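Two complexes are shown next, each including chain A; its partner changes from chain B in the first to chain C in the second.
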Partner chain A sequence: MNVPQPIPNRRLFRGPALLLVAILAFPLAARGDYAYLLPLGQLCAIYGIIVTGLTLLMGFTGQISLGHAGFYGFGAYVGAVAATAGRLPVAAALGVAVAAGALLALAAGFAVLRLHGHHLALATLCLGVILGEFINKAQITGGAGGMFDLPEITLGGLVKGSAAGKFYLVWAVAWLVVLWAVQLTASPVGRALKAIQGDEGAAAAAGIPVFWIKLKVFVISGALAALAGTLYAFVYTPSYLGPEEFSLMFSVTLVTMAVIGGMGNVWGGLAGAAVMTSLHELITLGGEKLGIVQVARWEQLIFGLLLALILIFCPEGLMPALGGWAQRARAWWGRRWKMRTRLEP
Partner chain B sequence: MSAQEFLVVDRLSRDFGGQRAVAEVSFTLPEGALTALIGPNGAGKTTLFNLVAGALPPTSGAVRFRGQPVLEAAQATRLGVARTFQNIRLFPGLSVLENVLAAMGGHSFWQGSFRLPRRLEEERLRLKRAHYLLEDLGLAHLGEQPARTIPFGQQRLLEIARALALQPRLLLLDEPAAGLNRTETAALAELIRRLHGRGLSLLLVEHDMHLVMHLASRVIVLEQGRIIADGTPAEVQCDERVRTAYLGPPAE
Partner chain C sequence: MQNIAMLLLVKGVMIGSIYALISLGFNVIYRTTGVLNFAQGEFVMVGGLSAAWASGTGRVPLAGAIGIGLGTAAAVGWLVDALAIRPLRQASASVQIIATVGVSICLRALAAIFWGTDPCHLPPLQPGSVQLAGVAVEIQNLWMLGAGAVGMAALAVGFRWTATGRAMRACAENPEAARLCGVNPGRMSALAFTLSALLGGLGGILLTPVLSMSYDRGTMLGLKGFAAAILGGLGHPVAGVAGGLILGVLEQCSAWYSSLYKETLALALVVILLLLRPKGLLAR
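On to the complex of A and B.
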């Protein structure tokens, strides 16, 4: 019997390569009447970064977090305050925000990662609520009024004001994050994470330092959420940063993105982010066209239904289900093909 | 280091609430020993096992392995102590092969972040080792299957394979024959003998007396958290206290 081999580089890096092509091509397609798709694409990248961290945390390691909108907002506001009141250059403010997100996750992780299941969900939820309330009430964040006219990341004037330039900038970051996550999950670390999800006691008996690894993943996911927050503040909407984006509901939306895409691999999180962001836009546009006043309520209903349907019909998530369907379709066509060739004399 | 310092269990106690599961237990194992730990249900065997493996912190007392204190489960594996579980605990989401690979280290996030040729070479080596280990236990043909789908007897073997992947000096087997049929038990006894023959030290908790008496050269009997007998199988079988513990006091 042959000795098994690791996944070849060619196969592992095919996904990131295809993604890169799609990123480069998208602004070429989104022109004229479709230019409104560019900001949407930026949001997909920003959410994709957070959900990639969540996929590592939830899908691989099996630790739920209902507080990641808090880390996202924390990153955005630490960056914003560092750049305005702190008068740091925008790149330094970004670094400070990501480091602050990582530190906060480290401190919080020490406390909450000893908990499991519902207890962990509740503890992270509380963390999200605390951060959200702070942003909403504190003076330094501008409270409910928000902050205006933040400095913009322009890469020396390269992407200033251009939607396509911003799109490329945020997706460059998201692509690097995905490229990294794809390698990490294909390494022995990915296996260790799934082992921890399967059985923490058995993982420890297999020599895996369970708590440290959980803490590392939590810190990484917190730092990624903070990074996404700075991109939101400095690239997506530098003219205005308000607390609405970082609500408790958004933590749930982030988890939904991770779940509907499929939590077993990095691509699922990205797909979930894209699907949910597009759906949000579709519902808003459709609501406007139909003259529905409270679209947000309908949106919650639709998202809830979508989540329920996916959990019933493809609990593994969209990406694995699509893979399965593709396989079945191929098998079906294969059978038809054989039948036809048999019938023909 | 003398042979006596291989495994030292020193006045080890563990309480659960008001219940003392293990009470002041002391014993030592020399390197290369094949020892059995027996006792009636609730005697504290599994608790003692978890203490030795570092999975439970003791209330008092200490475990030392080759001169180093056993503090925690993952650390115990680095000292060379590996274990299996009474109720099989595999990683259900991983394949048979990956279950073994998971115990082969390489958990550095930094190194995992970049797929350098060096890392790939290390992974090839791991895959090779895991494959030959599975082949040795007759599981290689199941490599790609999810661990939860293989038959019970083979799941037990896979758990042993995962423990062996740690390249331990002492292997702790918690009721390895539980739930196995007669053929499988015989194969297991053969495997244990083979591992022992390669110089591995073993400590097993077992209910199958037949297996224990045939395999072990030394039997430690635990009752209500205390050692009540310690000797060769023949000695232990004749011990009055052991008979009382298992069968009740002798009839008048």
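On to the complex of A and C.
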């Protein structure tokens, strides 16, 4: 019988180490004319945090959520209100927002996680729309007008106003989240999640507390979305926080990011978020380089087409496809290596 | 008071019949391919906008414009299947669902390019209104209700008693076994998308005279239809229509109670209904 072997630590943490190098190097490369890439990079990290939580929920535990933009917005606005009307310091507001996001996910998850499949999708969708409507219409959130001039996270003046400093800050959080997700999915808990995805009844028969684990993952993913929301509010755009970001369609976009990245892989969340976020920029950039006028008019169309093409060529998502290509490349090099050693006397 | 209740009921049933038509489209595709089509609302938008565009040129009579709207919607449905779903036949259902999200982005972008971003109008099929239980009801609304009823009956009968309907259901149940019995799942999928786009387009044509139509209206309509289909119990046309009517009435009632938080109230009630009947309202 094939007993799953624990992955050796060296291999497990190679990915996070590589990512750390990439994070440290990116602001050094994005200078001068390319400095506008830094805010884009911040957005990739913020979305990556949400989608990593969503990947754990959907790809590993098999529970769909079409309402995560609601948790994301909830975190952003609770943090913003706590920092302005509540006059809390930013760090405390951030803590309050994440705790509130977790509590909301706990209450909501307790109710809706007894639903399955499409019914769960509809219930979470309703939840997202309800949260979105509150953000859009309540007095305290500034309604459709939004909120202005939130306090910034400065870390004692370390990152104040500098795009590179903000970039390092959000990516440090994203890196920790990914590191934690990597070790979680390699642990017995990760295997329990996979078991729930495979067959809830069988998992329960094997002694896994199915409902509690589902609830735990739902709470974690809700808290991560709220955390991303506070980073959006306090780091990415402290000058203005509006309701457009947290629309219903964004919940669908988040799920799309998870699927594009590859749901069975912890790295899929980051990959999907990075690709979907930078795709718009790449289209505009490519359009300018090729000298096509009116790129803006065609941008959405090209975006949709590229999405469909990625799905057609990598139906399992980008990360598994990349893994497959890497394996094939390694096999190819291995063959060449063998041939060479055989030829040498 | 009684009059208000009657008015809310009538208005709810009218808008609910459009949700019912959209949920029928969801059901046709789901029962044939097992895919939830997130571009369903865009079919509604395409049908409504192309009819309004044809009628707006002033050279096409209303009947011709309706024909053009239905034809365009059906053609778009067939193309969506051919270009996005057929290449992904082997992929998992979640990937196919996300592909329909991509399709809906493309359709919205194309509509904005072809028809612009301004709302378009269409004259009603039949102007005027009738008195119904003390409430004035526009005749256009009765057409909406009638179309929902006819569509539901035709699908319920078609899926159950015609060979094609049974073949379509077999494809969702087990494509390999269906193929062994001589059913072509690819052709059935194309048929399902065309049929469901036709239903969506019909909904759009009926809705445009009442609420007007623009390129971005489809998304919300599609989600309402999705909610209706699942609320009733996915996979059964009659249940989907019931879900649509219930959703329409819930919406009107909550809009009357609090115009600011109408979505919140209606959808909170949907969640409560789901928790009470976790398998759908009419599921056995």
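Keep this in mind: the second predicted complex is superposed on the first by the 289 of 345 C-alpha atoms of A that agree within 3 Å, B and C clash if a C-alpha of one lies under 4 Å from a C-alpha of the other, contacts with A are read in each partner's own complex, and residues count from 1 in each chain.
We take it that a contact is a pair of C-beta atoms (placed from the backbone, for glycine too) under 8 Å apart; a residue touches a chain by one contact, two chains touch by 3 or more.
Computed from a predicted structure; not experimentally measured.
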Partner chain in contact with A:248 - chain B first, chain C second, else both or neither: second
Touching partner for A:224 - first (chain B), second (chain C), both, neither: neither
Chain B versus chain C as contact partner of A:125, first or second or both or neither: second
First (chain B), second (chain C), both or neither touched by A:105: neither
Touching partner for A:300 - first (chain B), second (chain C), both, neither: second
First, second, both or neither for A:115, with chain B first and chain C second: second
Which superposed partner A:308 touches (first chain B, second chain C, both, neither): second
Doubly contacted chain A residues - partners chain C and chain B: none
Sites on chain A touched by chain B in the complex: 1, 3-6, 9, 12, 180, 183-184, 186-192, 194-195, 197-199, 201-210, 213, 216, 220
Residues of chain C touching chain A in the complex: 36, 38, 83-84, 87-88, 90-92, 94-95, 98-99, 101-110, 112-113, 219-220, 223, 226-227, 230-231, 234, 260-261, 263-264, 267-268, 270-271, 274-275, 278-280
Partner chain C, residues of chain A touching it in the complex: 111-112, 114-116, 118-119, 121-123, 125-127, 129-130, 133-134, 137, 248-249, 252, 255-256, 259-260, 263, 297-301, 303-305, 307-308, 311-312, 315-316
Residues on chain B engaged by chain A in the complex (per definition of touch): 53, 55, 72-74, 77-78, 82-83, 85, 89-94, 97-98, 101-109, 111-115, 119-120, 123-124, 126-128, 131-132, 135, 140-141, 143-144, 162-163, 165-166
